[in-house]
Structure formats: structure tokens, C-alpha cells
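Chain IDs A, B, C and D follow the sequence of writing; residue 1 opens each chain.
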Amino acid sequence: MSLRANVVEVSVESSLDYVELIQTLSDNITRMMGFDADTSHWIGMSIRESVVNAIYHGNKSDKSKRVGIKFEIYQDRLVVNVDDEGEGFDPGSIPDPLAGENLMKPSGRGIFFMKSFMDQVEFLPRPAGGTRLRMTKRMHSILEGEKK
Amino acid sequence: MSLRANVVEVSVESSLDYVELIQTLSDNITRMMGFDADTSHWIGMSIRESVVNAIYHGNKSDKSKRVGIKFEIYQDRLVVNVDDEGEGFDPGSIPDPLAGENLMKPSGRGIFFMKSFMDQVEFLPRPAGGTRLRMTKRMHSILEGEKK
Amino acid sequence: MNIGTRTVDTVTILDISGKITIGESSVELRNKIRDLVKSGQKNILLNMGDVSYMDSSGIGELVSAYTNVTNSGGKLKLLHLTKKLHELLAITKLLTVFESYENEQQALQSFRK
Amino acid sequence: MNIGTRTVDTVTILDISGKITIGESSVELRNKIRDLVKSGQKNILLNMGDVSYMDSSGIGELVSAYTNVTNSGGKLKLLHLTKKLHELLAITKLLTVFESYENEQQALQSFRK
């Protein structure tokens, strides 16, 4: 494999119709890369959560706004960018779903799952407005020592 | 669905490793669009053939060259562009695989299959060099009268 | 998602199969639980053995269902957690909230106490 | 792709399953046919019933196999064409080239004539 990433990019309107497609795509990419079935499942779920957030919280289901998903496939890792056209947000202000007062809330676990299952999760403001969520999953990360 | 196309784009190195992924992606997109299973199969096969051509004939398996596949998803049709970085070619010069002298040749049926299964197949020279193969499949094309 | 309904003694068992994810399937489960609570059902056992996929919305629905049933004086328990659901409940610290069983007989007995 | 080999009377039946597409599977079929021809096998029946996918390379391999076997004085026939393979052979005008059968007994008998 070359050092340049192989890239799979998806740009879709803000509708749940595409969530299954994107997750299947994620599963295919991660299995092709050699991630085991469980890891593929959790990566796919993290991507699903991020796309759902981009649709609902970012673009507020406005169908004229788009969600962009970019898979960068490297030999040793997968990097996924999920872009929305929303108003951005402060990831530091998000309540901790494990705190006693939040434990029985019906929502608020999406970002927590992404952080649990991916090696790195960053929220970057996009110059044009909106949020870029950038997630990285390394291969064989267990062998390389402590997970960050 | 909005009038703007939903777009799924893939850019990969010239390697057969990605052919299965692209075909699975095609199957998922066409089934989601509502094409029946048989039509999805033939669209997927046409795309497979075009990607294989881009890898072998276009990029001559040079891994530093890329193949770009773009699915434009409209309400009434799917448009697929397959781009290579080869030297281009004259589609008019391609031998007819149904001609007696070609019938028993082991190759030369890929473009014929694309033309058989898609509604429109165009070969466009790319400004930067190489070929863009543009294929269109309409939905319910049988109901709309004669296939072009 | 598909929900089969069985009643054994005083317990309503919901055999759920497929995905519990954001959208239709979450709403369907929510409505089912609401109807059971409305009709006075107190003992509800969710058989999760054939649930193939859950996302954070699915977990949220389980939490809502638990709250809903408990607030009306009933009990909601889980049967046959898959390995993945077990992991999701563990990391969200919900494993201690939900009573769960690997064996249907034991689950049914637990409602009799 | 997987190729099972059976011999009935003078006929070698290859039970092919999976995909015959560009790359490994095409090469595997080619090598198998070449070995049979080398070892003097004249009667070859390809059971295509479990072939799930073929592309233009796969069709090309069938044509090569046919030419190879015929040139060495043998016969290659097809058994259990799938609907999709039938369509591919029809549009490429190869249906008239290949002798094909829906019934194994009849296929075997045809080699005896």
C-alpha cells in the first residue's frame, strides 16, 4: 500500500436514510483493512453516532445542509472526518454521562461511545462554519502499548 | 430527496484490493435507491468492469496512479463516473465482441457488458489526462419506453 | 426490529429481534412499553438475545423503558444480554441499574419474590 | 472460489462454487483445466450451479477453457447455468457455443454418444 491514503468520501443530505449505507461502508472498509469483527463493529457504531449527531445537532435535519464523511485509509490506521454545516459547539461543555445525575438520562452517550471505541476524537471548527469531527483508530493498538 | 445529488466518492490506488469494496458499495447504494436485486447486480458488475479497466488499461496497474469513482445519486437515476490517470483511448476503435472473429476471444467483453446493462455509457477525455467513464442508469427505465 | 409478546404467569416477555437504533425501531419499542404500562402490566422482561445491533439511542430507549416501568410501580428486567450489549451497559455504568438474567426460568422466578 | 472434483465414468465433473472473477479465482480455474487436459482428460463437465458471481474475466475463462479442451480433442460442457450466467452467455452469443444441461444424468449421457 502506498503512503498516500486511500480515500473514500461521502457527501449526503441531512437524512437518516444514509446512515445504514455509511455504516455498511465503514464495516466493509474496516474488514478490508484487517480490523477484527468486534473492532469493526465499534468503529462502525462510532461513525454512526457521529453522523447522527451531524444530522440532528449540527444540521438540525435541514435537508439543504450536507454531511460529509471522509475515510482516510492508511496502512496502520483509519482516520474518519465527519463534517456538518451547523453552528459548531463547545465539546468541553458536554455533560458526563457517567455522572450520577446523568446516568438515567435517555440521551447523551454518543460522544462517550466514540471516545470509548476510537483512539482519538477531536472536534475542530470548520472555517466555513460547522464542525469537523476527526476520529482515528489505529490497527493492533493493543500491541503498541497503552491506549491514550 | 433534494434536487442536488447525494454524492459518494471513492479515490483509491490502482489495485484490485478495492474492487470488492466498490462493488459492495454500489450494491448498497442501488438497493437503497430502490433498484431491484437483478438490476443492482448488473449495475454493480458494470461498475466493477469499469474500475478494473481503469486499473489495468488506464493506469496500467501503476500504484502511484489513482482511480476515482463518483456515485451521483438522483431521485430518478444513478450516474457513476470512473476516472483514471491513463493515456486515454478511442472507444470507437474497440473490436465488437459479437463479431465472428472475436466470439472466442478470452477478453474484450467489459465495455460491451457496461453498454448492455446501463442506459448510457460515455467515454470522456479528462482535461488532466486519462479517461472519465460516465455511466447512467435510470430507475423504472422500462416503464418510460424504449431503452436508448 | 421485531417484537414478539409472550405472557408467562404474571410476566410479559418481549422477544426483541433485529436492531434497536435511532428512528423507527426506538419509537416502536417505546410505544410497546407505554402500552404495556398503560394496560397495567407490572412485570416486564425484555429478551435481548436476538438483538443484532444497538446504538446510543437504543441504550437510551432501555433507560427510558426502565424509568417508565419503575415509575408506575412495575419491574423491568433483561434476559440474554449479548456480549456487545453487555459491554455497552458496562461502560455506561448501567449494568448495576438493570437486573439481567442468562436463564429464562430464573428471570421468571425473580419476579415472584 | 472452490472447485470440487468428481469422476463419473469417463467424465470429470468440476463442482465450482463462489465467484469466478478477475484475479485468483480465474487463475485457479485456468490451472485446473490445464492440469486435466495435460493428464489426458477428454470429457469435462463444469457444474456452475453454485457460482454466485461472474464478470467478463470469468466469461473469458470459460471461453479459454472451452478452446483449450476442444483443441486437445476433448469436450467441455456446462451444467446448471444460473439465470445470470445464462443471460451473460446469451447476450455474448456464447449460448450456441457451449453445450449446457439442466440435468446431470443427461449431461453425463451426452458424453457417451
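We adopt the following convention: a residue touches a chain if its C-beta (ideal position, glycine included) is under 8 Å from a C-beta of that chain, and two chains touch if they have at least 3 such contacts.
Since the structure is predicted, the reported quantities are computational estimates derived from the model, not experimental observations.
Engineer: Which contact partners do chain A and chain C have in common?
Structural biologist: none
Engineer: Taking a step as a move to a touching chain, how many steps at least join chain B to chain D?
Structural biologist: Contact-graph shortest path, chain B to chain D, evaluates to 1.
Engineer: Using Cα averages as centroids, what's the distance between chain C and chain D in whole Å?
Structural biologist: Here chain C and chain D have centroids separated by 53 Å.
Engineer: Please work out the Cα centroid separation of chain A and chain B, and write it as a whole number of Å.
Structural biologist: The computed centroid separation for chain A versus chain B comes out at 30 Å.
Engineer: Roughly how far is chain B from chain C, centre to centre by C-alpha average, rounded to an integer in Å?
Structural biologist: From the centre of chain B to the centre of chain C is 47 Å.
Engineer: Can you list the residues of chain A that touch 2 or more other chains?
Structural biologist: none
Engineer: Among line, ring, star, complete and other, which one matches the pattern of chain touches?
Structural biologist: Shape = line; chains linked end to end, path left open.
Engineer: Would you mind giving me the full set of chain pairs in touch?
Structural biologist: Here the touching chain pairs work out to A-B, A-C, B-D.
Engineer: Any idea which chain B residues touch chain A in the complex?
Structural biologist: That would be residues 1-2, 4, 6-13, 15, 17-18, 20-21, 24-25, 28-29, 32, 63-64 of chain B.
Engineer: What part of chain C is in contact with chain A in the complex they form?
Structural biologist: So the residues of chain C touching chain A come out as 21-23, 55-57, 59-61, 63-64, 66-67, 84, 88, 91-94, 97.
Engineer: So in the complex, the part of chain A that touches chain C is made up of which residues?
Structural biologist: It comes out as residues 16, 19, 38, 41, 45, 48-49, 52, 97-98, 103-107, 109-110, 112-113, 116.
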